[in-house]
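Every chain is named by a letter (A, B, C, D and E) in the order it is written, and numbering of its residues begins at 1.
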Amino acid sequence: MSSRDALDLVWLVPAFPIAGAIFLLFFGKRIGEPKAGWIGSGLLACSFVWSVVTFFALRDVTPRAHVRNVFDWFVSGGLSVKVGFLVDPLSVTWILFVTGVATLIHVFAIGYMHGDRRFGRFFAYMNLFVASMLVLVLGSSFLVTFLGWEGVGLCSYLLVGFWFERNAAATASKKAFITTRVGDFGFMVAMFLIFAKLGSLDYSTTLPGAHTLANGTATAIALLLFLGAIGKSAQFPLHVWLPDAMEGPTPVSALIHAATMVTAGVFIVARAHPFFEASGAAGEWVAWIGGFTALAAATVALVQPDIKRVLAYSTISQIGYMILALGVKAYAAAVFMVVTHAFFKATLFLGAGSVIHGSGGVQDMRVMGRLRKYMPYTAGAFVVAWLAIAGVPPFSSFWSKDEILTKAFDAHNYGVWILGTVAAGLTGFYMAREVYLVFFGNERFRTVPVVAGGADDEAPPDANEPVGTPPTQFDTPTVSYGEPPRPVLLTGDPHESPPVMVSAILVLALLAAIGGVLDLPFRSLEALNKWLEPVFADVKPVHPPSFLGAAALSTLSVALGVAGILIAWALYKDGLRDASRDPADERLGRAGRIFGHAYYFDEGIAAAVSGPVRRAADWLAFVVDAKIIDGAVNGIATLVRKSSDQLRKVQSGLVREYALGIVIGVALLLVWIVTRAWG
Amino acid sequence: MILAAAKLATPNVNWLAVAPEIALAGAAVLIVLLRALVRRSRLVYPSALFIAFAGVLVAGGLLVPQWNKVQNHGAITTMAGMMRVDGFGVFLGGVVLVSTVLALLLAASYLEREGLEGPEFLALMLLSATGMLAMTTANDLIAIFVALEVLSIPLYVLAAFDRRRLTSQEAGLKYFVLGAFSSAIFLYGVALTYGATGTTSLTGIANFLAANTVLDEGVLLAGFALLLVGLGFKIAAVPFHMWTPDAYQGAPTPVTAFMASATKAAAFAALLRVFLVAFPLYRDDWQPAVWVLAALTLIVGSVAAVMQTDVKRMLAYSSISHAGYILIGFQAGTARGREAALVYLLTYAFMTIGSFGVVTLLGARDDRHSIGDYRGLSGRQPVLAGFLIFFLLAQAGVPLTGGFIAKLGVFAAAVDAGSYALAVIGVLAAVIAAFFYLRVVFAMFTRSDGDVGTATPARAARTIDLGSGAVLAIAAAATLVIGVVPGTLLQLARDATFGRLF
Amino acid sequence: MSSSFPVLTAIIATPFVGALVVALIPKQRPELVRAVGFAATAATVGFTGWMLWHFKTGTAGMQFVERQPWIKSLGVQYLLGVDGISVFMVALTALLFFVGLIASGSITERLKGYTIAMLTLEAALMGVFLGLDLILFFVFFEIVLVPMYFVIAGWGHDRRQYAAVKFFLFTMAGSAFLLVGILTVAFLHQGDHHRLTFDLGTLTNWAPDGLSTGTSRWLFMAFFVAFAVKVPLFPLHTWLPDAHTEAPTAGSVILAGVLLKMGTYGFLRFSLTLFPKASVDLAPLLLVLGTIGIIYGAIVAAMQPNLKRVIAYSSIAHLGFVVIGVFSLTTQGLDGGVFTMISHGLTTGVLFLLVGVLYDRRHTYDIAAFRGLWRVAPILGGLFCAAAFASIGLPGFSGFIGEFLALLGTFLVHRPYAVIGAAGVILAAVYLLWAFQRVFMGRPDEATAAMPEINARELLAVVPLLGISLFLGMWPKPALDRIEPSVKALIQHVENNSNYRQPDVAKRVVRRAIAGVHK
Amino acid sequence: MTAVVFFVFAAIALAGAVGVVLARNPVHSALLLVVCLVSVAVFFLQEQAQLLAAVQIIVYASAIVVLFLFVIMLLGIDRQEQWAEPIRFQRPAAITLGVVILAEIFLLSGGTWATGAHSTRGALERSGGNIKPVAQVLFTDFLWPFELTAALLVIAVVGAVVLARRSGQPVEFADELEAQAATDERDEEPVA
Amino acid sequence: MTITGSYYLVLAALLFGIGAVGLLVRRNVLVMFMCVELMLNAVNLTFVTFARMLNDRGGQAIVFFTLVVAAAEVAVGLAIIVAIFRRRRGATADDVRLLRG
C-alpha cells in the first residue's frame, strides 16, 4: 500500500467516531455501562491510530498535501461541492492531537460518567463531537469545514445541555449554540463572498487565488471568517457562551476547551490565512482582539471562586494568545500553542473533574484546600499542568507562549505584545491561586456547616433522581462570583478518582510537561515549524529575531509569570481563613468586582435581551403583527360587516323607501343621460 | 262584416314559434277549467299536476324542433315582427322551462306538505311561465311589456299565496306595489322611445337609428334609461333591488326558486335583446351605466348578505349579486358577453333552484330559516347538507362546479372587452360572497353536540320526497356536469348567440 | 407499464377515485375507510415513484405531457406535464399525504368525511403542480381551498371557524387577481394571434414580447398577489398562523408542507416565465418582502406562547428564503429555492407531526403547559431536537443545502438581502431552541411526567420524513441534478427576454486566474 | 279654442292629480282620480283618439275607480289619514327627486319630443274616427300582445279568486319572527 | 296659439311626476296604487300624443294594452290589499314590515 493509498483512506479518521456515534445512539442504552464507553473510546483510539498512519503517510509524499474526494455533495450552477478531505500538515497536526486528547478524555469519562442514566448517549454525543471536529479540520473545502463546524455546534449544544434537567444547563447549551451561530453567520457570508469572487469553495482553488483579490475584498472575507472564529473560539465579544458551557459534564468541558471546539477558530484562520495575508488590515484586528481578550479574560479569572470557571476564563485568555499569534502572522506559533494548550488544558480540566468527582460535586474552591493529601495523583498532574500554563520553563507553554510574544514583538506590534506579556503575569497568578486554594493550605471543606438534604449538588445531580422532584435552591453546581460559599455535603473524606480517570490525567500531564519539544526555538529543533512550512509557505517571513533579543523577551515574560505565582503564594499559601473572604478580591476592591462580573458584559447583554430586546420583539409580535397587520385584515372584515349592517338598516322593510330607492336610481341614471346628451 | 273581416290582413303566424306558449297557456287554462268544473274531487290536484307537467314538457319538447329550425334556417320572425324565435330566445326559453319544471317539482310536494294544494297555484305558475317564454322571444317593446306583466302578475299572487303567513302576503304586496311602479316607469320608457323613434319594434328601432341620425337624442336616451330601470327592477339590479330580499324571503320557497331562476332568465332575455338589438349604436351611452349598475349590484348584493341570519334571505341577496355577474357579461356587449350571460343564467338556475330546493325541504311551517337551525345539519341530514354545501360552493364559484364556469365566462367576457376593473370588482365580490356561503356551510358542518335547541324535531325527521329529490339530483348533476365538461353547454350558448341578434 | 402510460393523470386520479370509493363506504366501517385511504395514498406514492424512476435527468422540458382539449370555446386544455421544478413537489405531496393519513390515526370522529377531504385535497394539489394550462392550474389552485377549508373547519381546534374562513377568504381574494390576470394574458394573446389559448408553453413564447412593459408589470402584480398570499409574504401572512394552529395535525402538515409551496411554485412556473422582464424589474420588491419575512417571521415566532404558532411563523421565515432565492434569478438561488421548498415540507412536516403527538397526549399547544419532556420521552425529545436542527438549517440536513444555495444565489446579485437573510439563520436557532428548551428541558412537571412516549404509528409517520431530510442533506445531488436543467432553462428564458444577465462566476474566476498569472 | 280647452283641462287634470296625492281621505283621492282621468279623456278626444276617450271613461273612470271605492269601503278605511310622515326625509326627498327627474326629462326633451319615424304602423285618419284603423293595427301588428292579454285576464281572474278566498286560519308569526331574529343575533359566532 | 304635442307631453310628464311623488309620500296603499294609475294614465297620454305627432296608429293601439294591464293589475293588486288588510286596521304601507334587514 503506497502512501497515497493510505492517504486516500483518511476518511477513516472521522468514520470511526461517526460509526461509534451512530451505533451508540441506537444501541448505547442496550449495551450499557461501561461497555458503551469503551466502545466509544476504542473507536476513537482507532481513529488516533489511523491519524498516526496518515501522519507517516503524509511525510512520504510531496508536495505535502493530498486531497481525497469521497463523493459529490452537491452541484449547483458554477458551484460544485465535494465531500472531500484535505490532508496536509495543518490538518494532520490537528487530527493527531484531537484524536489523542479526545481518546484520553473519553477514557476519563468512563469513570466520570459512572452511574449516569444516559451513559450510552453521552458517548454517542462525544464521538459525534470529535467526528465533527475531524470533519472540520479535514474538510477540503470551506463548506465541508462548515459541515463539521456546525456539527461541533450541535454537539456542544447536546453535551453542554446533557443534564438538561438543570435549567442552567439548558440555558447554557442554547446560549452556546446561538452565540456561536452569530459567528457562523460571518462564516457563511464569507463563503458567499469567496464564491462570488473566486467561483469555488475548495481550499485548493480559493486559497491560491486569495492574493488576486482586491485588498478590501480580502479584508472583508478575512474579517467575516474571523467573526466565525471569534464565535467558536470564544473571543471578545462572542466569548460569553464559554464560561456558561461549564454546565456540561466536566469531560465535555475538557473536550471543548482542549480539543474539539475552541480551537476551531484558530484552525480556520490558519487554514484561510492567505486571505488574511492578502488583506492588510485584517491582521491588526485579529491581533488586537486576541491580545485584548487574552488580557481581559485573565483579569476575570483572577477572582473567580469556581474551579472550572477559572479554567474557562483561562481558556479564553489562552486562545486569545493564539489569536494574537495569528494576527501577527505567527501561524505556526499559534498551532504550536494550540497543541500544547490541548495538553495542559485537558490535564487541568480532567484534574478539576477529578477533584469535583472526588469531593462530592463541589466546585467552589473556597471550600476545598489541601486536597493533595486525598488525591495525590490528581494534584501532581494538576501542578504540572499549572506550571505549563504559567509559562514556567521547560514546560510546554513556556515554549509556545514565548514564541508568540517574541513574534509579536518582532512584528513591531508592541501594544499587543504588552497585552500578552501582562496577561502572562496574570496567568501565573490566577493559576497559582487555583492550585493553592484547591490542593494546598488549610482544609476548609469541614469548616462550613453541613446542610442536610442538599443532595442536589452532586454531579451528576438530577439525572438519576425520580421524576417530579421539586427544583431546589441550587440548581447548578457552578459558583458565580459574589455568591457565598456553599455548604458541603461530604459523608467521608475526599478521595482519589478511580484508575481509569487518573491514568488519563497522568498521560496528559506528561504530554503537558514535554509538549514543548515539538517546536523548540532552536535551529533544527523547530520540528513543528518545519512540518507546517508547506502550509504557510506563502507567509512573508518576518526577519528572524536575534537570539539575544528573544532571550531577553522570554526572561521578561517568565519573570512576570513567576512574579504572579509568588504573589499568589504570598496570599494563599495558608489557604483561606474565612471561606467567604478572598484576599485577592479584597485587595482589588472595586476592580475585583468588575473582574468578578466579567466587566458586566454578559450581564449587560442578558439585561438587554430580557429587557429592551424582548420588549421590542413582544411589540413586533403582539402589536405590529397581531394588532396592526392582522388588525388591518380583521378591519377589512369588520368594515364589510359594518357596511352589511348599514345596508340592512337601509333595507328597512318600508316599501315606500324601496320605491324611493328606485327613484333615486332613476334620477342618477338620468343625470348620466343628461351629461351624455348635453356633454 | 265578413267581407270587412276578410279584408283584414291577418299577420302570418308561424305556429311552431308560438307552440310552446300555447302549450303552457293551454295547460293553465285546462287546469282552471278543471278546477272550475270539478269542484270536490281528490283527483283534481293530481290531475292538475299532471297537466302542468305535461304542459311544460310539451312546451319543452317543442323547443327542440324550434332550435333545429333556427339553427338550420335562421331566426323565425312572426306575429308581424312582434316575435322573433332565434337561438338566443330558444336557449333562454329552455332555461325558463327547466326552471319551471324544477320549481313545479318542488312545489308539488311543498304544497301538499303545507296544505296549500291549489290547482290555481299550478295554473298561475304556468301562466307566468308563458309570459316568460313570450318575453324570451319578444321583439317589440309592447310585446315585452305585456309579457312582463303576464309573468309578473301571477308572481305577485304566487308570492302572497300562503294566506296563513303574513310574511307571504307582505312579500306579495311589496312585490306588487313596486312591480307596478316599475312597470309604469318601464312603460314611460317605452313611450319615450316610441316618440323618439316612431316604433316600438326592436328591429324597427335599430333600423331607424341605423338609417337616421337623431340630433336631439335626449328623449331617446331618457327612454332607454327608463327601460333599463324597468328591466333592472326585474333582474334585481341595485338600486332597484330592494324588493328582492323581502319578496324572496316571504314568498313560499318554491315560488322564490321560480322567481329567482326563471324570472331572471326572462328579464335578462328582454334586457339583452332590447339593448343589443335596438340600441347597439348607443353602446357608449348605456354601457357605463350598466357598468355602474353591475358594480353596485355585485357589491351591495354580496356585502348585504354577509350579516343575514336567515338563510333564505341570504340566498335572496346572493341572487342579487348573481345578477351583478350576469350584468358583467351584458356590459361587455360582445358575443362572448352574451354567451357568458346565457351560460350563467342556465347554471345559475340550477344552482339557485337546488339551493332553494334544500331550503324548501328544511323549512319549518312558519318558513323560517334561521342559520342557527342549520347547525349540525351534516350530522342530522347528511344528504341534504351535502347538497346544500355543494350548491353553496357552486354559487361561490368553486371550480369543477358550474358556478366556476359561469363566472369564468363573464370574467373572460369582461377582460375581453377591457373592463378590467369590473372583473376585479366581480372577483372580489365573489370573495365576500364566499364569506356568507361559508358561514352557512360551517353552521351545517359544525359538530352538533345536542346543544342546538332550536332544531325542530319535525324538520329533523323529514325525508326527501321523490319530487324534491329529483330536483336536487338534477340540479346537482347539472351543476357538476357543467363544471366538469362544460363543452356542450358552451357550444350551445355559442350557437345561440352566433352572429348578430337580428 | 409502457412509457405512454398517463402517469400524471393516474397521480391526480388515484386519490380522487379513492375519495369516491370512501364516499361509498358506510360510516360504520371506519377500518375500511382507513384502508382505502391508505391504499389510495400509497398507490399515489407508487405512481409518483414510477414517475421519478422514469424521469429523465438532464433535460429541462416537460415530461410525461398529456394534452386533451377541455373547454373548447375558451381554448382551455387538460394539459399536464412535469419538469424538474415540479417533480419533487409532486413527490413531496404524495409522501406527505401518505404520512398525514398515518398521523391522522387519532381522528375518529367523522372519519369518512375527513378521509374524503384529504384525498380530494391531494388530488387537487397534484393538479396544481402538474397543470400546464393556466385555467386548469387555476381550477386546481382554487379547488384546493375547499377540502382544506373542511379539514380545518371540521376537525380543527377551538377557533376553527375563524381560521378556516380567514384562510379561505384570504387566499381566494388573492387568487381573484390571478384569475383576472390569467384572462388578460390569454385575451391579449388572442388579440395578437386570434387564437384563445391558456397553454402555458404558447403563452410563454408570446408573452415576453407580446406584452408591453407596463402591462406585464400590472399582470405580474396580479399574479403576485395570489402567490404572495399563498407563500405567504409579509404583510399578507396573517392567515397562516391561524390556519396552521387551528388545523388538525395532518392539515397543518399539508398546509405548511405543500400548500404554501403553491405560491412559490406559482412564481417559478408562471411569474418568471410569462413576465420575465417584469420579474427582473420588480425582483427588488420580492427580495425586500422575502427578507422581511425571514427576519420578521423569526422574531414573531420567537415570541409566540403557542408551540404550533412558533412553527407556523417559522414557515414564513423559511419561505422567505425560497422567495429571495427564486427572485435572485441565479442558478444557485433557484436551485436553493426549489430545494428549500422540498426541505421545508419535510422538516416542518416533522415538527407539526411531533407537535400533534404532544397535542394528542395533552390537548394543548401551550408551551407553558409542558416542561422537561425529554426526560420523560427521550425518543420524542430526540426526534424533536433533530427536527428542530433540521429546520434551523444544520448542515447534514436538507434545510441547509436549500437555504445556503438560496442565500448564495442571492448574494451573487443582491448582497444586502443575502446578508440580512443569513442573519435569519441565527434567529431560527433562537426561536426553535428556546421553544425546545421550554418544552423538553428542565425538570418534568407532573402533568408532563405522565405523558407516554411516542408510539410506533407516530414513529412511522415521522421517521421517513426525517430520514429523507437527512438523506437529501447528505446527498442532495440526485435531486439537484433533476432540478437544475429546468432552473437553468428558466433563467435562460428570463435572460433572453430582458437585459438581465446572470453573473457568470466561472468566467470571473478564469479572468482572475489570468490576472493572477500576470501579477 | 283648443288652447282654452287644453289649459282648462290641463289645470283640472293637474289639480285632480295633486288632489289624489294630497287628499287625506282615500275616498276623496279616488274621486279626484276620476276627475283627472276624465280630463285626460278630453285630451284623447282632442287628439283624435275617440275610442280611447270612451274606453278611458268606461273602463278607467268607472270600473276601476269603482273597484277602488269598493275596496276602500270593504276595508273600512274611509277615514282621514294621519298626515304625519314617519319616515324622515321621505317627503323632501320624494319631492326633490320628483322635481329633479322632471327637470331632467324636460332638459332631455329640449322641446323636440317626437323625433321618430312617422306612421310606421299606418297613418291616423285626419277626419272621422280612428276606431277602424286602430282596431286594424290592434288585430294585425299587435296580434301577439293582444293574444297575451288574454292570458292576463285569466291571471287576473284566477289571482283575484285565489287571494280573496277566505280559507285557512291565518297564523301570526310576527312576534316569533322578531324573537327569532333576536336569538339569531345571539347565536352568531363572531366571525373574522 | 297652437297647442303642439309638446304641451300634452309636458302635462303628461307632470302627471307622471305627481303620480311618482304621490306613491312615495302617501302611506295608504290604496292611494299609492291610485298614484300608479295616475302614472299609467300619464303614459297613455304620452302615447296618444306621440301617435298624433307621428301620425301613427300604433301609439293609440298601445294604450289598449296599457288599459288591460292596468285593469289586471288593479284586480290582482286590490285582491292582495284586501287579503292583507282584511285583518288589520287601516291600509298603511308602513305597517307592513315584518320582512326587513
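The criterion applied here is as follows: contacts are C-beta pairs under 8 Å (C-beta built on N, C-alpha and C of every residue); 3 or more make two chains touch, one makes a residue touch a chain.
Given the structure is predicted, the values throughout are model-derived calculations rather than measurements.
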Worksheet entry | Centrality ranking, top chain (CA atoms only) | C
Practice prompt. Please state which pair of chains has more C-beta contact pairs than any other pair.
Written response: D-E
Worksheet item: Between chain A and chain B, what is the gap in Å from one C-alpha centre to the other?
Response: 78
Worksheet item: Taking each chain's centre as its mean C-alpha position, how far apart are chain A and chain E in Å?
Response: 95
Worksheet item: Distance-wise, how many Å sit between the C-alpha centres of chain C and chain E, to the nearest whole number?
Response: 65
Worksheet entry | Shared-contact residues (touching 2 or more other chains) in chain A | 637, 641, 648, 651-657, 659-660, 663-664, 666, 670, 673-674, 677-678
Worksheet item: By residue number and range, which residues of chain E touch two or more other chains?
Response: 9, 19-20, 23-25, 27, 32-33, 50, 53-54, 56, 58, 62, 65, 69, 72, 76, 79-81, 83, 93-94, 96-101
Worksheet entry | For chain C, residues contacting two or more additional chains | 161, 165-166, 169
Discussion item. Which residues of chain A touch chain D once you look at their complex with the stated criterion?
Written reply: 634, 637-638, 641, 652, 654, 656-657, 660, 663-664, 666-667, 670-671, 673-674, 677-678
Response to the item:
Counting only contacts in the complex, chain B reaches chain E at residues 142, 145-146, 149, 153, 156-157, 160, 163, 166-167, 169-174, 176-177, 180-181, 183-185, 187-188, 190-192, 194-195, 198-200, 245-246, 249-250, 308, 313
Fill in: Contact footprint of chain A on chain D as seen in their complex
87, 90, 93-94, 97-98, 100-101, 104-105, 107-108, 191-192
Fill in: Of all residues in chain A, those that touch chain E in their complex
648, 651-656, 659-660, 663
Worksheet, complete the sentence: Listed in rising order, the residues of chain B that touch chain C in the complex are 339, 378, 393, 398-400, 404-405, 408-409, 411-412, 415-416, 420, 423-424, 427-428, 430-431, 434-435, 438-439, 441-442, 445-447, 486-487, 490-491, 493-494
